[in-house]
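Next, two complexes with subunit A in common: one pairs it with subunit B, the other with subunit C.
Showing the complex of A and B:
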């Protein structure tokens, strides 16, 4: 773990520079690299947007130990809020962006409030019903949402006079928003709130006995996670420039769950890895025509079988030097459960 | 040893050039098809794929278009507009001469601006009315839009069926709702009252409650606008509940697939058909025979749409006299393709400035487990 930790910050900076520079045409700087074409830019932007929504799921599931099957529905609320406010009322982008997140936060609280009185599977069922409800609403309330015809020409924003209509500029904009939202998530997880979330997941009874208001924290995690879905939706709408009900149905919600499982639940970078698997692999498999869903399913099953803690879990396992079970002198010695708690806590702080 | 290796490399290079040369000289034009190969639209996409593959094989066997062979590339949209957009975007990055597809109107809707901006002709299968009304100079239909077919069916309901009230059953997606939105004003314009306006779900299995409602409306005729499988389920339920009023449809309701699925429940169904392999036309009959022999099942209208797309391209490229996307689009506007000169087009068709198509169509009826053409409707502007 410590080796990973030492290189973390420089690695992050390098990764960001690469992400920003890779899609651009660098021939002007004397580097023989012409960058990505529009398709590549679209896919890499879609990857980041998906990762933002998956970050929300990771907070709810990986950190707070709850379950949600409604992330695509929150994405839909965010996307339709953005589309309606900008196309029909001409509201400035960032106001609509904030509104999308705020609306999802409020809906998250309203939805979570009754549901969180019960154990986690019940929350999953409530969110499942909610996901179907949202999809039916946006499909049937044509006066508001355009129904099955969707909403066309969702504008891309103009920020400080810079038009983000060109694909590369919009990608940089999405990258910037992703970095901001990831930084907020990072701060949140390291704050006392974040520690409380983890405490809830590991041992709710003990957390409660230590004075943590279990219900409020669960609710907070659920609402913040849902708001991330809304933010992602507010970026998705101008990315595709057209929205219809299809991407916000129950199926895509399950897909976010899958991405978190494959990427690594409870790892900060898990959503990014999971979204890469969920967005990029199906794109690469396009050449197989109709076989793509079957091949994708097989790949995911193999991944889950080989790496039950996700890809990042597997990497961590491979990088951590193997220790003998009893050589861990610094750890608690009260048995396997306590050791598990410690390693999970490490995950959060690292 | 050194010489051996040199010889090996040299030999490999010669071999590689030898293999590469004819491939380069052949000059193949790649045409991407961005179509529904998985998800809800898979049967539709498969038909299109088969039809277009057959047409390209025929064209290539006769020497291609202006001496260039066509190579088809099939890309799946998974019946999802977002994925369709990515697929079309990827195809456009390679600067193709034209693209084929998508077939689902929603997927066409998200991609038509991309092809318009890239100035690449898009020959597609969508039927929703608004597609060609958005001013793209690069979008072309392979079948009637609902803006053309719905007035025809409304006229038929008035003159042929002599209905004064009609119950409309549609499917709640862009196809069904688009058709519903197009026909209702046409009915009202002709003084026909809409007695019921019923929405059903795509993929719906049980139509019992809908048929009950339709019966209760007691209209003179029932207009059923659903995709193939749903149409068959509706017809079976209508027979079960003893519906006696005429069941009228547009293309999908009278398709071979519906007849195969619904069997005798499809008996007596009438309607307007834009494209059908049952048309009384020697070229269409010949097409039907070839398609059935090659794939082991009959073609529906989507197979025919896919079959016509490469021939539309061929006629346009030959009129333009060169392989150039802008020139191809310009050549297709106002072009009439005559089957006497280009048998692959099957039916005489004219494409207008919006990419809408005008050609003859049919009034048909299901009799004895087959679609029978009752009347041929001429082109609107002959």
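Showing the complex of A and C:
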């Protein structure tokens, strides 16, 4: 970890400057770079929006050790909240943005409360069923959501007099919101509250005996993670400007889990790497005509077995000076799945 | 009243099919502590094995059914264990969850690309003739489904309780360590569990496809029904899976008729939340103790 940590801050600043400058037309500054076209801007904005939702999943899975199969549904709740409030009621953007996150937080509490009363993978099943329900609701309640016809002309906000209508400006706006949300997540994870998660993940039984209320922590993690889904949705709606039920179905929800695994579960930057793979693979593999999901699924199945800590885990392994790998008490594992294997204490035995 | 009875009976027929898949799911949980999130796709795929055998090899329906069961045992039993589950030994439950979710996407999209994206009609074992019992109309196909499912469950029950291998399997499920000390070949028993799960999923697939048509995306709905059946009945009980399957089938049918067709697929969510709130161990389940 230390090798990565030392360069963390300067690398972050450089990355941010690059991210902000990359899509822009720099020829005016004497740099021969004409920036991104409309489509490139859309893809890179979509990457950031996906990464926000994936950050939520990372909190739920990578830190609290729970499975959520409904992140796309929360994205949908956020997107429709934003679209309805701004198009039908003319609510200011940031009020709608807060409402989208708050609604997802409350739904997360209501959903997680029963599911987390019981052990095992019940949250996975409840969220699975919930994802189906949300999709049905969006599709059936035409009076509210427009059904399969969706909602058109979701406006892009005007912030301090700056119109975010042009794709490049909207991209900068998304980038700014991503940085804010990432900073909040960073602060959450470094707070005593966040540190309790690490304890939870490493050894739930011990954390419980140290006085950490495991259930309410997991519940909060799920609710906050889901709220990130809502925030992502509130950015997604003005990004695409037209929303319909399809992107919020069960299928897309599953992809968030896969993205987190590919990126690196429990790594702060994991969601960004995972979302890049998840957004770009379908683009690169467009020529294969529909083979992208299959290839993505195969990559995930191989990675779960050989590199359970994802791309960032692999990079970390390469950067760490060669040492004898610590052997884990739980037995032979492939790859250095230390963070993963420790949570196996959670396993239930009958 | 006759409407109600008809709905209950057709619900029992689909419920019996869910029960088959839920039993396999429960057996796998008991012996390997793994959850198969691709169970729905396991109920979707074998029908396409049968369709492929009929379309590309010109096999008659009965032969196609046998081919489908054999293929499913081979691919979804042995293949699933060796390729997906075995490499994850020693990893926590989350790894299996993610891997089986990826497998679900893989199977679904493969069927879509290789066979067809359209819903395929699927032949029934018995014809769809209506029989009338004192005003209650029941189709021969439904009776066929109920009979086949009942026979399969009875045979499985006989195998698990009356044969030496079956009892060894139960011993492995209850306490692998003790079973091993007593000389049970645990690895073999685990393999048998995978084979039985695949065979049950295959049966379920052949029985459900005439009702819902064979479609690549069926796994989502079927899988959810099977999971919820297993949870409603009691996660750790084969008997529970049977009861759970029947409950889901009947409630689903009644809800579609009396509440709302549009929200039919939301029935599992409602049942799931009710069970978790009021009887988390399921209707017939017993509580599991957590070990440190």
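By definition in this document, the second predicted complex is superposed on the first by the 305 of 350 C-alpha atoms of A that agree within 3 Å, B and C clash if a C-alpha of one lies under 4 Å from a C-alpha of the other, contacts with A are read in each partner's own complex, and residues count from 1 in each chain.
The criterion applied here is as follows: a residue touches a chain if its C-beta (ideal position, glycine included) is under 8 Å from a C-beta of that chain, and two chains touch if they have at least 3 such contacts.
The structure displayed is predicted, hence computed values, not measured ones.
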Taking the superposition as given, does A:19 touch the first partner, subunit B, the second, subunit C, both, or neither? neither
Comparison of subunit B and subunit C by subunit A residues contacted: C
Would you check which partner chain A:38 touches, where first means subunit B only, second means subunit C only, and both and neither mean what they say? first
Considering only touches as defined above, state whether A:283 meets subunit B (first), subunit C (second), both or neither. first
A:130 contacts which: subunit B (first), subunit C (second), both, neither? second
Subunit B versus subunit C as contact partner of A:293, first or second or both or neither: both
Once the shared chain is lined up, is A:122 touching subunit B (first), subunit C (second), both, or neither of them? second
In the superposed arrangement, which partner chain does A:150 touch: subunit B (first), subunit C (second), both, or neither? first
May I ask you to decide whether A:140 touches subunit B, subunit C, both, or neither, giving the answer as first, second, both or neither? both
Touching both subunit B and subunit C, residues of subunit A: 140, 290, 293
Within the complex, subunit A is touched by subunit C residues 30, 33, 35, 37, 84, 87-88, 90-95, 97-99, 101-106, 109-110, 112-113, 174, 220-221, 224, 227-228, 231, 235-236, 262-263, 265-266, 268-269, 272-273, 276-277, 280, 288-292
Which stretch or stretches of subunit A touch subunit B in the complex? 37-40, 42-43, 46, 139-140, 147-150, 152, 240-242, 244, 246-247, 282-283, 286, 289-290, 292-293
Could you pull out which subunit A residues touch subunit C in their complex? 61, 65, 67, 69, 114-115, 117-122, 124-126, 128-130, 132-133, 136, 140, 205, 250-251, 254-255, 257-258, 261, 290-291, 293-294, 296-298, 300-301, 304-306, 308, 330-334, 337, 340-341, 343-350
Which part of subunit B faces subunit A closely enough to touch in the complex? 37-38, 42, 46, 74-76, 78, 80-83, 85-87, 89-90, 92-93, 106, 109-110, 113, 130, 172-174, 177-178
